[in-house]
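The structure that follows is given in the form of structure tokens.
Per-chain residue numbering starts at 1, and chain names A, B, C and D are given in the order in which the chains are listed.
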Amino acid sequence: MILELLANAISTGVLLGCIYAALALGLAVSFGLLHIPNIAHPVFVVTGAFAATVFNAMGFDPLLVSLPLALVFYGAGIAFFEFYSRIYEKRGESDTMQALTLFFGVSLVIETVLVMQFGADQRSTDVDYVGQSLTLGPVVMPYRLLIPALVAPVMVTALWLYLKYTYAGIAIRAVAHDERALSVSGIDPGWIKRHAFGIAAATAAISGAALVIVGPIDPFAGRMQIGRAFAVVILAGMGSIPGTLAAGILIGVTEALVGAFGSPSWAPAVAFTMLLATLAFKPSGLFGAAR
Amino acid sequence: MPAVWRTAHGQGAPIRIGTTICKTGALSSTKSTLTGLELWRDDVNKAGGLLGRPVELVTYDDQSAVAQIPSLYSKLVDIDKVDVLISPYGAGLSAPLMPFVKQRDLFMIGMFALAGNDVTRHDKFFHSAPWGPESKTNWARGFFDVAKKNGCSRIAVLSADVEFAKTAAGGAEQIAGEYGMTVVYKQSYPPATNDFSSILRNIKAQTPDAVFVCSYPPDSTALVRGLSEVGIGDSVKLFGGAMVGTQYASLLGSLGPALNGIVSFALYAPEPTMANSEMTAFLSRYEKVAAEQGLDPLGFYIPPFAYVAGQLIAAAVTGAGSLDKAAMAKVLHETEVKTIAGPAKFNDIGDWTERRVLMVQFRDIKGKDVAQFRQAGRQVILDPPSLRSGDLVAPLTKARSS
Amino acid sequence: MSLRENAMDWAVRRTGRTPRATRSLVFALGCLAVLALGVVLTRMVDNPYVFFAGYVVIQYVALATGWNVLGGYAGYINFGPTAFYGVGVYMAAFLVKAMGAPLPVAIAAAGVAGALLGLAMGWMTLRVQGVYFAIATIALVVMAETVIHNIDYLGGASGLALMPPQAPAWAGGQPQFMLMVMLAIAVAFVALARWIEISAMGRGLRALKASEIAAECAGVPTFRLKLIACAVSGAMLAIAGAPYVYYASFIEPGTAFSLALSLNAIAMPLIGGKRSWVGPVIGALLLATVQQAASVTISSELNILVVGVVLILFVAVAPDGIVGIVEKLTRRRGA
Amino acid sequence: MSGPILEVRGVEQRFGPFRALGPVDLVLHRGERLGIIGPNGSGKTTLINCISGTLRPQEGRVLFDGVDVTDVPPHRRARMGLSRSFQIPKPFTGMTVLENLLVPIDQISPSADAEDRAIAVLESVGLQRRAAHEAGDLSQLELRKLELARALVVEPKVLVADEAMAGLSEGEIDDVLAILTRLSGTGIAVIMIEHIMHAVMRFSTRIVCFETGRTIADAAPDVIAADPLVQKVYFGEQTRH
């Protein structure tokens, strides 16, 4: 019985952890690679989730519809970055604190617009596989978690390959390392950063769709996730894309174990404790380079 | 706003009724309170008002925030000079208000403030909702009456870390003890938990006969889904009890057939034992407004009792023949008031003397059309016995598969 | 006239400022006048609404000022001021429940608790870049709320109704008394903030805000100074929360850790101007008064939207807030 | 108290696989005027960071006034009498020029006449008319002067000037040189890191040349100028400009 419980807690933890990783992936790009502390990212994800519910109500599958939506988010991300860099980067200030405040204001505005548009009530999607489970021996995995969880390894792998093997991807990593290095090679670092921020925003559309399959969301659902998403990115190590998946799963499994064998009441403290412990004892994270 | 400074007691000047509404914030789904009140106001004014004076509502948005309450009610009382108060929604928002109401000796109708007057024991406070006496422990007693009747002895208690749920869970334990039942599992979980698989497995391992659940809308959804996904075992006859959310159309619509078999509380269900023409007429008028304003389309839970709040005020004012607060309270303490939700009699701290919290079991739900919930037989009333419209189908696994 | 005197004189003329001692005297008199005004107000006004609403507004002055010691001077943004505020609220509630503690004891204990929490947070996160501190404070609120949920003695998620000790007879009633207490706290905070601002500590903080490395090389013990500022700010935020239980006699986690409170405590200094003590005061008075009025006129969604948009505008166009705009205008006219 | 004021022993610094500095040994005597030259990326600034404490070397020790300060944080080194200026000026923006100078005074040698002392130093670098201005409003030259003034105001035992003259005109270079020379006259040891050769040559009593993290020459200016290795790595590059 204990073993069955353990196996199921771990499998649930892995599934939830994958979803956390999907949520944090955009942040791993914008914060981890570009060093832009976009605390509005979870709100972008929630916006993606609402977009998915709108199309779901017309009969589309939320995950499929999130692919074209990702393109829209990519464009919106670029436009938003343009706005951001006009305010900051061109002012010649690298005032992270001011940037944090800007993103804070942006997330408030987005949340309020969502409330005014959709109301403060919970919204959910209607998909066929919700309510059914995949049973593997003693382990029962609800499709409601399994299918969105699969999104994370797919996105992580795609992004990792992109960053490793494409010209633009390598340029993004170069920008992360040293902006000046790039201007020497004749690529516009501004364009590369816009592009990378657009990718970060695009992931929000997909992970938003994943999130709303897991459970109903409201416009303020992002707030619960800010701490967790940053915990994933920092635990992974700044800029480590595969690390994001590992860190998300680590947090997810720990939460599930605390919930199953300790008290579920303490589960929200897990991510925070891991975040603080990382900052205090290993600021470079699990897979990050020393900074 | 010249009305603020006008004397409120002049002949023909409106009788002012003040309250705050959770138009925004966490409790904004309760804002249909206002519609219920407005429908009552329109009815009363059409019939010539109270004491020959029109009725006027003065409302503010309290943002579902406790911190807003003291200053807003002070404003209602001291600046707007309202004659009668209605409490904000629920016990949490009403709690900071009670000492003030008692100290100033005001007349107030409680809106869903469960056990809201049990500590203060103010003698000019009356509940519009039929929680009954000692409601902190007793409001969900019906669940345990049903459990007892069906031979349940092993009870599991699960609750969200939220005010209402914790209170309900505390009462549940007490009643279980009283009925000689064993609490074999007790757990609380943080709000916004979206996966209950390990919790459900832990419950299953204890083979309880009944699972008393005190949850909030998002977790009610996740729990019901979890039931379908990982199951709960054949031992469970009764599942639910205090699941907030199952009173509202949005959740009913999104869960649909997954609700079958679950037992939860309600204050009104369109069963033949309960429906009356006034209530039905009220609900059909409400539906029209709700459709325009995007409110809960069913409106079984809150709006009727906002209307009841108005009816109680009307009875008190007409019975007293004045706005004298002591006289108004005396009327409600001494006479039975006929409301759209049935006859109301009050004890000395304003509880309905008869608890009329329903325990309903969801049955025969097909598809996700909300309109089906307006038909009889979808929410079968198991308790109280006076309103019973059917018997429990058990165990839960059978009720869900049928 | 020597060159040196010339330069000093020129500096004085340039800024149009009177010598420091005179300015401090004027400030002290101003503080006393505000306190006296508070006392007169509680005697003259009958309408309790004024005291309830006044308490809320003045509480924001205290919160914004406390936040600004770290956020404004040192530039370390604390996104979770309510974590500290909530700790103050619950510290006071604990003492009231356990021993019916009088207000001064609750305030002192809240201050100590807030300072310790600030030290602990700072010790763990201030060694790495500032952005980590900001992120950790976001998570801190969730953590603090979780802890309270798990303490049954303090009511957990259900909240706790308490009967705090009654106000002394001379105060003329509980609302009046609470208003005076909050006013005294706010005035003390503003004075403390001003003292920090013009002292060596304030200069050290502003220096490290501009450049931590340069400050460190100029002899500023940056880590220690940040820790002190974090502790002082934490103590101030917690103290601002301590009287709440005496004001509302009911507390619950949703209020003590409310996001609206956090949002306002951050927005007010940013809108008023975070470089001097005047900014948070102006920002708090302005925003809180508008919100008190707006909560009865426009929808609160619109209210939050306005705060968000204003925040973005100020960050984008006027990073030094209203005070910065005024300074720029007067400087232009003077030049 | 006659030993060297500053001593660097076997200091090494690597960034990943790349060795940025060392091992380096260096001695600075009291009142000495030491010039450090070398091409970009030769490890000069890394050395300065190790001396001032913003970087802890992976190997080796730094001794200041006979005390091992390798593990002493920068602000404590500053209090012991080690001042530095930055290659890219780092003014305390948001504060006046006068306040900029008060920061080190507050921390290192507080006194009642702090403002007078600060004004005196501002006069000596010709910034007195800017005393009440926002540091962020200064011109490039003024920023460099402020950088120096802030390092000088606490009367250090050692001043490390990191490219204090970059981007200045000939006349302005003369101004700064005059300030530094006057300072050296009061017994302060100065390390000057500079690309402007004629300035270093004029100022220094001894010059050390760096190349890929190592010292390749350490001698009097005229000897350095004649050193073929130095000419190859350094002057060869310089003459192209």
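One rule holds in what follows: a contact is a pair of C-beta atoms (placed from the backbone, for glycine too) under 8 Å apart; a residue touches a chain by one contact, two chains touch by 3 or more.
The structure displayed is predicted, hence computed values, not measured ones.
Visitor: If I drop chain C from the contact graph, what connected components are left?
Guide: A, B | D
Visitor: Would you pick out the chains that touch chain B and also touch chain C?
Guide: Under the touch definition, chain B and chain C have A as mutual neighbours.
Visitor: Please identify the chain with the largest separation between its CA centroid and the CA centroid of chain D.
Guide: B
Visitor: Can you work out the whole-Å distance between the CA centroids of chain B and chain D?
Guide: The computed centroid separation for chain B versus chain D comes out at 75 Å.
Visitor: Quick one: report the Å distance separating chain A from chain D, using the average Cα coordinate of each chain.
Guide: The answer is 46 Å.
Visitor: So how far apart, in whole Å, are chain C and chain D when each is placed at the average of its C-alpha atoms?
Guide: 41
Visitor: If I count partner chains per residue in chain A, which residues reach a count of at least 2?
Guide: 115, 224, 263, 265, 268
Visitor: At least two other chains touched by the same residue of chain B: list those residues.
Guide: Answer for chain B, listing residues that touch two or more other chains: 24-26, 161, 188, 190.
Visitor: Which parts of chain D, given as residue numbers and ranges, touch two or more other chains?
Guide: Within chain D, no residue touches at least two other chains.
Visitor: Name the touching chain pairs, would you?
Guide: Those chain pairs satisfying the definition are A-B, A-C, B-C, C-D.
Visitor: Any idea which chain B residues touch chain A in the complex?
Guide: Interface residues on chain B, with respect to chain A: 24-26, 28-29, 161, 187-190, 192-195, 197-199, 201-202, 205, 217-218, 221-222, 225-226, 228-230, 250-251, 254, 258, 294, 368.
Visitor: Would you mind writing out the residues of chain C in touch with chain D in their complex?
Guide: 3-4, 6-8, 10-12, 14-15, 200, 203-204, 206-207, 209-211, 213-223, 275
Visitor: With touch defined as at the start, can you tell me which chain A residues reach chain C in the complex?
Guide: Those residues of chain A that touch chain C are 37, 39, 87, 95-98, 100-102, 104-106, 108-109, 111-113, 115-116, 223-224, 226-228, 230-231, 234, 263, 265-266, 268-269, 271-273, 275-276, 279-280, 283.
Visitor: Help me check something: in the complex, which residues belonging to chain C touch chain A?
Guide: 71, 75-77, 79, 123-125, 127-132, 134-136, 138-140, 142-143, 145-147, 149-150, 259, 263, 266, 270, 301-302, 304-305, 307-309, 311-312, 315-316, 319
Visitor: What does chain C use to touch chain B in their complex?
Guide: 47-49, 51-53, 55-56, 146, 149-150, 156-159, 161, 163, 175, 247-250, 252, 254-255, 258, 260-261, 292, 295-296, 299-301
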